[in-house]
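Pasting in a structure now, in structure tokens, and then I'll have a few things to ask.
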Amino acid sequence: MPTAVLLISCPDRPGLVHAVAEFVLAANGNVLHAEQHVDREAGVFFQRVEFELDEATLGRDQVATAFAPVANRFGMHADVHFSDERPRIAVLASREAHCLGDLLGRWRAGELPAEIVAVISNHADHAALATFSGVPFHHLPVTPDTKAAQEAALVELLRGYRVELVVLARYMQVLTSTVLDAFPAQIINIHHSFLPAFVGARPYHQAQQRGVKLIGATAHYATADLDEGPIIAQDVEPVSHRDSVADLIGKGRDLETVVLARAVRAHVEHRTLVFGNKTIVFG
Amino acid sequence: MPTAVLLISCPDRPGLVHAVAEFVLAANGNVLHAEQHVDREAGVFFQRVEFELDEATLGRDQVATAFAPVANRFGMHADVHFSDERPRIAVLASREAHCLGDLLGRWRAGELPAEIVAVISNHADHAALATFSGVPFHHLPVTPDTKAAQEAALVELLRGYRVELVVLARYMQVLTSTVLDAFPAQIINIHHSFLPAFVGARPYHQAQQRGVKLIGATAHYATADLDEGPIIAQDVEPVSHRDSVADLIGKGRDLETVVLARAVRAHVEHRTLVFGNKTIVFG
Amino acid sequence: MPTAVLLISCPDRPGLVHAVAEFVLAANGNVLHAEQHVDREAGVFFQRVEFELDEATLGRDQVATAFAPVANRFGMHADVHFSDERPRIAVLASREAHCLGDLLGRWRAGELPAEIVAVISNHADHAALATFSGVPFHHLPVTPDTKAAQEAALVELLRGYRVELVVLARYMQVLTSTVLDAFPAQIINIHHSFLPAFVGARPYHQAQQRGVKLIGATAHYATADLDEGPIIAQDVEPVSHRDSVADLIGKGRDLETVVLARAVRAHVEHRTLVFGNKTIVFG
Amino acid sequence: MPTAVLLISCPDRPGLVHAVAEFVLAANGNVLHAEQHVDREAGVFFQRVEFELDEATLGRDQVATAFAPVANRFGMHADVHFSDERPRIAVLASREAHCLGDLLGRWRAGELPAEIVAVISNHADHAALATFSGVPFHHLPVTPDTKAAQEAALVELLRGYRVELVVLARYMQVLTSTVLDAFPAQIINIHHSFLPAFVGARPYHQAQQRGVKLIGATAHYATADLDEGPIIAQDVEPVSHRDSVADLIGKGRDLETVVLARAVRAHVEHRTLVFGNKTIVFG
């Protein structure tokens, strides 16, 4: 039996949990998971409810319409997803293969409830890896002069694939609003430091220079403010004075792959909600 | 405004979440947190609901009675707690002071929503520490010959203090059913290994002998099967070939204090539910 | 300039560090790293010394001979390795691809100072993955009846490749002395629990049954006592009551790949020394 | 038998390891631990050598003199320490007790090879805690107007106690050069974030604002550049959208105590060497 996921946000007030539970019960659904959060400062209520859907009682095409009265009554923003509809992902990479290879490997192993529909790169290196995984590869080279055209082509390509999530798997090009605005809260980037430390280029060099005893990686939604978008996942690894920049880069690779995979999984399982500059990640 | 916590378990079926939400709404309460879990194999539903209690609408003495029809209808076992009623704790220790000192320090700093009402030990060592913290100290020495009498005295003492949680903070005596049966699921022990590895005595010696690269600590509810009770919290720390048994013991102290404190906090915040030999720990 | 690594063990006594340093100095070498360890209970000294080798003064073929007088004087067991001689690895896998795929990916990315010369499996599944990585694939199916013959063929194959390290990357066959004796302290296995907890089959099922709050993985040298060999690396990951066995298996995959890769790297960088049932892992 | 520790830094060149080993051997010492590090960019060699001292052959008062020829020959800066000479520590705190209480508890338990000779605070709160631990307490209140005089009094007090390490255990006053210059590389501060993120005041508020998924703590040597001194130890803890600033502060306390204790221990075990803005922390 497929499950439905409701992702809800609205002004906080009593009765919200009850109203949603009532809707699920009336639809003959069975709640599997429900988790809510209240941002007390902002007075906003957030909820993720996953329930077994009885399509004989309520077809999936009817869920949004049936829920509309509840949503209207409480001023809810509500998204509905179904467990057997797998989000369509494009993975963008530059020269480094570790994040891309890891995501493709997880996907081939059935670990990601999603479809990787395209691999796109500004370099030609990963064609064989994509092909081996049975995913179309697109080479979109870019120079400062061609950046505008390349981004336009990128957006067109992503739209052609009906992509719902763009994963920047160490894609080393800064995206402009051309791309960012076309996929709001749908682009996940991996930054190779524990943000907000070491923004910008060469964070491992910065880390080595500062003599930190931890390095980190941060997965976040990409926004116009580079490295300032809502954080989804972070992790760190101990390092020491013995670690050269090359060592940090090596250790960092493992962090980057794991943190990015964790963020992608949270997104495609519909466990993330962006509010302002923060991400609520349901368990 | 105080909050009420409902801890519920019952056979799983549709409508449970709705029924509880309806009860809270009818009582003019406002749900702050609600988390549920279904053990699919056993077909059992567990829920923790924390809500702001409007005592003008429903007095705290009436909550259990008012909830009884819901509980009966669904065959629920339900406990109710209030945030301003602080569980009464007795801490038992033997020679080592680190867990006891840590708990007392947290309590003095206001970190534990509970009252430490007594410190009890089979040695006299910690009298000054207890007194400094303003907690009565009781010395209950024990030998193999006096064990039965000592345990009887211990139970009487705990009952006299109306103790709701007994914390074995490196209390190195094995408790018999005399004590265990008097406080079911109300005794938390800290074992100095990551169970189920290294049960019994001298786990750090066992760990050094086996050459493990991690040591751990486990907080669990004490049961008749030594070191086999439901686990509440666990953590580990890396070690290496350089660590002597003394080093392991030193590193282990930090683990033990942190893991025990985490478990005690979960219990007194009414976030734990024991089911069979497992503990559900709500977030 | 290539570096040489001396791995030394001998009865402890004064003058050992000096004698080795004198040898390196006389050879016009420059010590890059030196780390020693004394097992005080056993009275045994262990050392790893890495030094820049001046082949004009001492050719690499002469190092062992030149060091022999020092080794004899102190009763040392000494191995010598060179940084530009890459150990030859065979990876054995069964159905699951995650550890195999991870090792191949690291190797393709230049992260492993070694050569993966063969992938061998009792199933045919991974032929494409091996081929994609440019590594010969061998399918050696096995049944209870053919086990002796299969192991003999396996040893012959490994010897034909002049393999120096056998990595059991979730190879689900128990090896007998036919294979174990042919590659002493040269076979690394990954076990999917934090040993010594949950030895044997289905450790994630055992973990779920016991209600632990951590799962782990252990890389160890394979010996005749299943899951009892000298531990090289271990790590854990938090889990909760919400995790099904399938969830544990999924989380465990990441642990297994990272822990196995860490152990393989330590071995091929000549940072491991087995003593009794323990592994000294130099930093 | 007491041990001696040599902490050495000098320009890198061949023969250093040999020269030190030769000195120890000539003194009839036995090397227990030796660890070295080369900063290749700077061309500087660092070493920590711990050896059993045979005072019949070389008295502890003679070690420095006996080593001087070696030090001069190689341009070494060398410090010598003895395991039975316990560094004298003053702990400074403001209102919060957790780091102070933790250090005193460890010291009472015999975990710190040092003497805590004084507790000093700008508030009167911790007098009882210090007294309970048998340590003199000094109340040195401070206002903007009296800061210069208070710092002068502080330096005088520290000198009167012949303090060798000043631990800022959540001492919330910024120290000027009056104090800093009097104790170079002898003042350890705990900052409640993973530096370089969230420098300055209220890091937990900053962390909550930024929506990070980790909080951290950093122990570092205090320098004129606030929060920019050489880092000794860092650690982090996962947090989520559910954590209020108060929750972060609570979780942070555990991090702060553990990280500060780790740094203090490394210092009093003579395992730290400051070079430029980095700290080498030997294992």
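Letters A, B, C and D mark the chains in the order given here, with residues in each chain numbered from 1 onward.
In this text, a residue touches a chain if its C-beta (ideal position, glycine included) is under 8 Å from a C-beta of that chain, and two chains touch if they have at least 3 such contacts.
Just so we're on the same page, UniProt names per chain: A, B, C, D = Formyltetrahydrofolate deformylase.
For clarity, every value in this text was computed on a predicted model and none was experimentally measured.
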item	value
Chains contacting each of chain A and chain B, listed by label	C, D
Furthest chain, CA centroid comparison against chain C	B
Comparison of A-D and A-C (more C-beta pairs in contact)	A-D
Centre distance in Å when chain A and chain C are each reduced to the mean of their C-alpha atoms	36
Distance between the centres, which are taken as Cα means, of chain D and chain A, whole angstrom	41
For chain B, residues contacting two or more additional chains	242, 283
Complex contact set, residues of chain D against chain B	96-98, 101-102, 105, 108-109, 111, 128-129, 132, 242, 250, 253-254, 258, 261, 283
Residue numbers on chain D that touch chain A, as the complex places them	37, 40, 194-198, 210-214, 216, 230-236, 240-242, 244, 277-281
Complex interface listing, chain B residues touching chain A	14-18, 21-22, 24-25, 28-36, 38, 283
